[in-house]
Amino acid sequence: MSRIDYQGVLDEIIDEVQSEFGKGHVASYIPALKRVPPRKFGMAAVTVDGDVFSVGDAFEAFSIQSISKVFTLSMALNAKGVALWQRVGREPSGDPFNSLVQLEHERGVPRNPFINAGALVITDCLVASTVNARRQIIDFIRRRSGNAGLCYDVEVARSEKTHGHLNAAMAYFLKSHDNLNSDVEAVLDVYFHQCAIAMSCVDLARGFLYLANGGDCPLSGVSVHERSRAKRINALMMTCGLYDSVGSFAFRVGMPAKSGVGGGIVGVIPRVLSVAVWSPELDPSGNSHVGTKALELFTTKTGMSVF
Amino acid sequence: MSRIDYQGVLDEIIDEVQSEFGKGHVASYIPALKRVPPRKFGMAAVTVDGDVFSVGDAFEAFSIQSISKVFTLSMALNAKGVALWQRVGREPSGDPFNSLVQLEHERGVPRNPFINAGALVITDCLVASTVNARRQIIDFIRRRSGNAGLCYDVEVARSEKTHGHLNAAMAYFLKSHDNLNSDVEAVLDVYFHQCAIAMSCVDLARGFLYLANGGDCPLSGVSVHERSRAKRINALMMTCGLYDSVGSFAFRVGMPAKSGVGGGIVGVIPRVLSVAVWSPELDPSGNSHVGTKALELFTTKTGMSVF
Amino acid sequence: MSRIDYQGVLDEIIDEVQSEFGKGHVASYIPALKRVPPRKFGMAAVTVDGDVFSVGDAFEAFSIQSISKVFTLSMALNAKGVALWQRVGREPSGDPFNSLVQLEHERGVPRNPFINAGALVITDCLVASTVNARRQIIDFIRRRSGNAGLCYDVEVARSEKTHGHLNAAMAYFLKSHDNLNSDVEAVLDVYFHQCAIAMSCVDLARGFLYLANGGDCPLSGVSVHERSRAKRINALMMTCGLYDSVGSFAFRVGMPAKSGVGGGIVGVIPRVLSVAVWSPELDPSGNSHVGTKALELFTTKTGMSVF
Amino acid sequence: MSRIDYQGVLDEIIDEVQSEFGKGHVASYIPALKRVPPRKFGMAAVTVDGDVFSVGDAFEAFSIQSISKVFTLSMALNAKGVALWQRVGREPSGDPFNSLVQLEHERGVPRNPFINAGALVITDCLVASTVNARRQIIDFIRRRSGNAGLCYDVEVARSEKTHGHLNAAMAYFLKSHDNLNSDVEAVLDVYFHQCAIAMSCVDLARGFLYLANGGDCPLSGVSVHERSRAKRINALMMTCGLYDSVGSFAFRVGMPAKSGVGGGIVGVIPRVLSVAVWSPELDPSGNSHVGTKALELFTTKTGMSVF
């Protein structure tokens, strides 16, 4: 594998995706996201040996949004262990990420930790098990990505809160089913902040390296998870990480990944590398349209799908 | 990888799964399946180099049921190409395999080719594109598994038909949405027969080898699919192959696989091997309880998950 | 009440509804219905004393379709008694009349006898309890309406059968839940025929008079039902008789009624009269657009709502 | 009608319902309701001429809960007119009163004003159109029932708020669909208070008399509604007033009515009387079990169904 010319692959990809711009729509549910220039494009790959390759706007920070759910899942699993799975499932939902239908049918147990309702339960775990969840989360992500300068975008967080009625509805619904222990407003505050973390493609690719590397974080030298737990988080990303497009993403791209409505997607090729892409125009499922294409080209050109 | 003692692994597994018997229930919806002894257990692994390892009742034939859907999907993709995806989706359903709810909400387009409604559309393609679909299907499977003696279990097929009112409901529903072109009864006849094919674990592991081997069938020397199509069928198995337990199966086992209510599960480790297991007691999702455990032990002991 | 000038009311109504034509669509799911001239309009009122008032095409026969479900319910209740309610509910469905979603959620027990699935169960009762259900049904309706010349429109019945895949899907679904005892094809044959009965507004208003008259049929002199059963069928029409527009129909019109996709609606004012209207253009719920307006005018002008 | 011995009927009913106690369950979702003695039973009928008949605990106040939704609907219709129907439907829901499923499928437009989500929209109208909605509501009800001493039970209101997470979820969900204009907490405060009004059967029967009397309130001498609006509110009660038991209630009882989880039910026989009953044990749909039986006996014994 080491002989793959990753930089050449990224250079080809940025050329080939140019025709894909203009086909999606920048997230508009909060003003702070709507202002992002739609044709931004960055991509970065980081090997488990530490080599970094990048192209385009790969060093520019953007709002990670739902990608934060992977970090908080790692933290909550380490805090609560498998008891966590009493409160949240591990199955794809088959419904949009913000749907309440399934949550009602299944009595307040979210299908998986990557839909909004599931992520709220995860955040509730962190609020309950830490003194200062907001501080703990940003510290965890700083250490994983080796960037001590990462921080919350408070304007985005405030915007999330102002327009976050649907997430508030979900949190109160979870509370009504006794699946949210902390104060609803406190959980929402942490949740809106974790979504508002700003990171670049390079930060994200570095930040996910522990999942490509069997749970060991090469940047901090820390073992975040034992190998089987890292593998299982990857499995969850594969079956639940791309909203209601997990099937077609696996079909086209073929790697475990997590997307956010800020236009970022981060994936891992176990034992080899992690790769992050950013392009704000979203497809109807809420995934970056150009980013998905870029990752499809990446696995095609490198021949590195998990399948 | 070649130094793994596969036979030793299988021998350990059969010992370790003994405590798992008695926790599931043999499929009872047709009398022909209900009669199978519940504690049967067989397992076989076949490497892409052709080495065969087996344990227990690995040479005893059982009803492959939904596992047949992978073979017919391969055939239909080769017959119809990507136009097929106009008529069936590629997303996990999030609902039981025999649910009509989603089919109604999505106007007669089944979520994926591995739920019953999707498989009926696939079979309809084969009925429309071949002179004798039943003959073509059994021939395809015989060639893939290198066993010219494979055949339909006519008693099971008849029993499926007698108790197949729900599948008939689905077929008529698809017809009412113009997503079934051939005669309903003709499609059902082929469908009930493909589910009634009897194969052993060794047959099945051999039969899936082309998917572990980038589309090339080592037994017949034929290229069934180009590499990218084989990879994509594996991706579909990963996200849709285990009824409504795809997430927890990926989480626990971590390989693309397809199950059947006859108690069989076949999975592939791309570029390495295919592995089949049989144990008739099913979990609530309709997957073999002991078989899932056996495959979990297999990936744990060999360290060979795709994640 | 006797001093109301019914004929004058009907004459006013036919004038006032002229502006309502062209806003709905003639049922198109079977060719035999699609051919009906869209601007037909007839209306007839029959008092419990036997006075008949009519206007427009009130003597022209049309396809009664779902209106037949009231007659078969009366017959099945007399044949089976309250045991019938084990197999079909008495609640509005909140879903379109041909939806399978609710039927799946509620394990094959249709919400009420006036959605298609419920009517199939009712027809199944008649097939099981009579030697010749088709003969019995037409005889019952002939006697109720005092018109021995009523008959099945065989062309419509054949057309229903040819395009009846959705009803077939429902019947097989009911069978799969053991809520259809007779042969599926036999039940469908009777069902398609009962929908294909041709009657005029005068026939229908006369035919429903027993429900306005406490169960006693003035035309045949027969007591069809005791008073409480007639009252209960009226209650079912009020809450379930207008597809998924029962609420707005009650709101606007305010009488128990049953509609059919042939464009007919028949209602009763208990103790006073029955009234039938026909106009083939349907609103999105499947009820006659002009017919609903005509009945709204009728209750407004006569002041005779049940509310 | 005047010769009916209403007092005799009520006296018979209280005897005959004794065997019905113990079959339902007192509402337990808030502690303040759970404490009510389960075998309370009161019933009152008030004719449009002003005659009052009562039996049992008919003068004891209880929590009216959802019955308040009829009063607030009357107020909101008078404040907003038919524009109100842009924001809330008029169809039975076919789902439990507190379900979010339909609300999501129908993009934040509640099915009718009597399910919780619809009632929240109505209350939002009152909050937006009055200076002090809580004051206006209690004043309206005091005038309708002729009891200036009616008031909010603040303990119940506080208990509603403490346990009102599901209603909060609905309110935020409506807000996320732009169908709640006022501040969520303000609307919830009014809503929890209106549910916490304490009234007796006599108060309630008097309070609904304007709906039995074509919109004119005999106690205050005020015309609350023109006749057609009163008739339409009655129609809404008939098709939507009994949670997901409207069909069987119409079938058994046959009058427009509204129930509350406090165990009260109030119905009207247009042009004749209103009748209220109270018994705290609820059936699975949330309606008073004994109260429903009592009203069934009332219409049977008096022969006064609308059907």
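Letters A, B, C and D mark the chains as written, and numbering starts fresh at 1 in each.
FYI, a contact is a pair of C-beta atoms (placed from the backbone, for glycine too) under 8 Å apart; a residue touches a chain by one contact, two chains touch by 3 or more.
As the structure is a prediction and not an experimental result, all values here were calculated from the model.
Listed here as common contacts of chain A and chain B: no chain. Each chain gets a centre from the mean of its Cα atoms; the one farthest from the centre of chain B is D.
Both chain C and chain D derive from one sequence, and where they touch, over half of the residue numbers involved are common to the two copies. Taking each chain's centre as the mean of its C-alpha atoms, chain A lies 55 Å from chain C. The distance from the centre of chain C to the centre of chain D, with each centre set as the mean of the Cα atoms, comes to 32 Å.
Rounded to a whole number, the gap between the C-alpha centres of chain A and chain D is 47 angstrom. Counting partners per residue, chain D has no residue that reaches two or more other chains. Chains touching one another, given as pairs, are A-B, A-D, B-C, C-D. By the touch criterion given at the top, residues 89-95, 102, 111-112, 228, 231-232, 234-236, 238-240, 244-248, 250-252, 254, 256, 270, 300, 305-307 of chain D touch chain C in their complex. Considering their complex, residues 99-101, 104-105, 165-166, 168-173, 175-176, 184 of chain A touch chain D.
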